[in-house]
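Below are two complexes that have chain A in common, paired first with chain B and then with chain C.
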Partner chain A sequence: MEIKDDNISAMCRPAVGEAGKTGDWRDATPVIDHAKCIASVKNRPACYLCWLYCPEGIVKAGIPIEINLTYCKGCGICAEECPARAITMVMHEEAKK
Partner chain B sequence: MPEKLFKVNAEEYILPGNRACSGCGLSIAYRYVLKALRENTILTLPASCLTVLHGLYPITSVGIPCLNCTFASTAASASGLVAGLAAMNRSDITVVAIAGDGGTFDIGIQALSGAAERGTDFIFVCYDNEGYMNTGTQRSSATPMGALTTTTPILTKQQHKKDMMKIMEGHDIPYLATCSPSFPIDLYDKFVKAKRIKGTRYVQIATPCPPGWVFPPKDTVKIGRLAVETGIVVLYEIENGKFRFTGRSKTISEKGTRAPVIHYVERQGRFKKMSMEQLGQLQRWVDGKWNEYLRRAEA
Partner chain C sequence: MSNVQIMTGNSAAAWGAKLCKVQVVSAYPITPSTSVTETIANWVERGELKAEYVRVESEHSVMTVCISASTVGARVFTSTSSHGLLYMHEQLHWAAGSRLPIVLACVNRGVGAPWSIFNDQQDSIAQRDTGWIQIYCRDNQEIIDTVIQAYRIAEQVYCPVMVCYDGFVLSHTMMPVEIPDAEAVCRFLPPYKPHTILSPEDPRNINPVIFPWQRRDAEGVLRDGYMDMRWKLQHALEGSRDVVVKTCRDYAELFGRDHGGMLWTYKTDDAEVLLAGMGSIATEATMAADLLREGGIRAGVVGIRVYRPFPREEVREAFRNIPAIVVFEKNISYGYEGALCADIKAALYGAGIQTPVHNYIAGLGGRDVKASELAEATRSSLAAIAAGKKEQQTWLNCVTE
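The block that comes next holds the complex of A and B.
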């Protein structure tokens, strides 16, 4: 049951996907090569620079690393900052081939 | 590096699917600001890119309570929140005002100066993206020399950036710091420290803006790093009048490996009409500032 609020100010409630599924904005998709990814190769928590620099906070810093593509805006910062060059940005046309 | 990463609060307060541009520097910085401040924080924001990130009524994409106020009254509304919390006997809550460079350097300066003079117990955060980016890249007093904006479209900006840190230092406040989203751990540590201090605290974050500065979104972190390496942005903190370099700027000051500003300028479309004369002026201005910081760090 929803709690009735006595406060009559215009108040927002937090929700995921305020601007819709922002994955639609993307023209290139990050693809992780787990044979190069430092965390996967060492099989222990390491590096995680993609998690550190992701503006959306949608990289899951586990083993293996996962990117939530529903909300990834495709900026490419993770691919640019990856020290092992394990992430590549694949354009949509190429991904379909 | 990983050992340091695991000390960072794992909770995410910015929910995915927000309205920030792809590759937004503010978004990276804001993630770590909220991670460092944690719960029991009240935010107050004027009209800015951050209001856009927070979303449209009745949904918000940030899990921390926030008050939207008018452009000129950021610090005044924070003073009101502090007074209200004091009246309710709540001393465990941090009040944080976050404004853009327009809301700090130009429009919000008188309210901020008033609050700092009264010694109101709050943190004022200025995210400096060097222009009115939310309304479409107009010139602000934080825009550097030689940059093209929609209000300086032909001749580029002729004046140097205002030194807001010096103005705020003039208020004798206990803590001032500068940070960059390209060095998130440094940013996180500064906010953890600022949260513990009482009194007015001022933190300035230099956030690269891909659409306003005209560079591809993938270069956000790289541009932020170049700004620090060339000395355009200097990472330091002033605690009770004691100046101290931090992070990468400390390394650069010890080794003397500061790069020329051309490395930073050439990567951005907003500097494409900059003349060689202006480039020289910018380099001399940066050199002057840097030598001043070196003198202060030695003293």
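The block that comes next holds the complex of A and C.
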């Protein structure tokens, strides 16, 4: 039997993707140039301003950094904040593929 | 043994909250409601009431505190008036939408511009569509009893309740009030059980963005869309009528006082004209009815006690065989008529009742309303109805030229 919402006020358990796959809202896609990214260049945990500023929390602060495009809405804040200008917002990147 | 004290309406509201053992109180002072929470603050400071009294910078924050405290399972209380209530407006919607059983004493006062500190009911009527249950009291005894009843109603249907009473006319007028026995109140009012238990082990997102349509969440549960949630609130308010009536009946059994469930009547059985109103103006109308009866006109009164949910069936029943209805009210829905008059007429429409309904806007901004004036207004309406005038809106004692 289908599990239906029996809450009398709107609530849900916090979970990844609770608001849907918000990646399909995206027009511009962040494309990372790892040759410029400070963490990759220095090969150690560094900078991570993209991770800090991402309003969706979908940047993984690793080496190299990873952006989860399933949920990235394409706001471009990471590209704006990147001091190395390693992130470029490319319009309709998916459509080109 | 009964404990009768002479007290103001504001003291009565504070006593009601104290007897219900409220756990969190937040308020920002505004005339004429100030002494309600001033009294409670005093009790909290002296250790006579075990509650958190939260001081904030505005009424908007007051309701935010109430919402937060109620969400985590505290029984909360606040009171305000006029612009304070209007400043809460946004959070009133959030409280109702979150289905929190908050009780608010609204000490009715007019709304600016221009400034008025005096009584009318424009403030709470302007909050009519926020999803709160609204109960209007006619004397101080009803205030204390209604605050107690309000918690039981609210916590059963998970809707907030506004207990409204007229500023100064009741809030600052002293009359004998029987204070119910504290243990009996505990028996009447079971502990508050929140609809959702929050704990760090089982975290929740509360009131996330809801989309127009139903949607499966990350766990695969089909979640309501916005409109489905709104329907649940409407359904709860419509269903709360039975709870209101049963609560009043149970209260009467335990404490011996019945203030009427959804509405009350006075000398209606043989009436040829019915005066209708809410709050103290309806009390005044009972004196007008007596005056009219002395003059040979069989008048009665219908006092609307619960305005939201509106007592649709009870109104139809009360007015079914009456040749004339006169509605007195201390509010105006600008560009149309008094809110109560419009709602009464709408209820009658569904039952095919074609009785003439005359509307008197009275006592705005504290203008005095005398029983003799209500009686005179009724007489003039009866003459106009006899001459065929089915509808009429009159501003009582007002310069309209």
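Rule of thumb we're sticking to: the second predicted complex is superposed on the first by the 82 of 97 C-alpha atoms of A that agree within 3 Å, B and C clash if a C-alpha of one lies under 4 Å from a C-alpha of the other, contacts with A are read in each partner's own complex, and residues count from 1 in each chain.
Note that in this section contacts are C-beta pairs under 8 Å (C-beta built on N, C-alpha and C of every residue); 3 or more make two chains touch, one makes a residue touch a chain.
Only a predicted model underlies this, so the values are computations on that prediction, with no experimental measurement involved.
Student: Per the contact definition in the header, classify A:Gly20: touching chain B only (first), chain C only (second), both, or neither.
Tutor: Once the two structures are laid over each other on A, A:Gly20 reaches both partners.
Student: Chain A residues in contact: does chain B have more, or chain C?
Tutor: It is B that touches the greater number of chain A residues.
Student: Does chain B (first) or chain C (second) touch A:Ile8, or do both, or does neither?
Tutor: Touch status of A:Ile8: second partner only.
Student: In the overlaid three-chain picture, which partner chain does A:Ala35 touch, first (chain B) or second (chain C), both, or neither?
Tutor: neither
Student: With both complexes superposed on chain A, which partner does A:Gly74 reach: first (chain B), second (chain C), both or neither?
Tutor: Touch partner of A:Gly74: chain B, not chain C.
Student: For chain A, which residues lie in the overlap of the chain B contacts and the chain C contacts?
Tutor: The answer is residues 10-20 of chain A.
Student: Across the complex, what residues on chain C touch chain A?
Tutor: Of all residues in chain C, those touching chain A are 97-99, 158, 195-196, 202-211, 214-215, 217-224, 228-229, 232, 236.
Student: Help me check something: in the complex, which residues belonging to chain A touch chain C?
Tutor: Spelled out, the residues of chain A in touch with chain C are 2-5, 7-20.
Student: So in the complex, which bits of chain B are touching chain A?
Tutor: Residues in contact with chain A: 1-2, 5-6, 12, 14-20, 22-25, 27-28, 31, 54-63, 184, 210, 216-222.
Student: Would you pull the chain A residues touching chain B in the complex into a rising list?
Tutor: Checking each residue of chain A against chain B gives 10-22, 25-26, 45-49, 51-58, 68, 70-71, 73-77, 79-81, 89.
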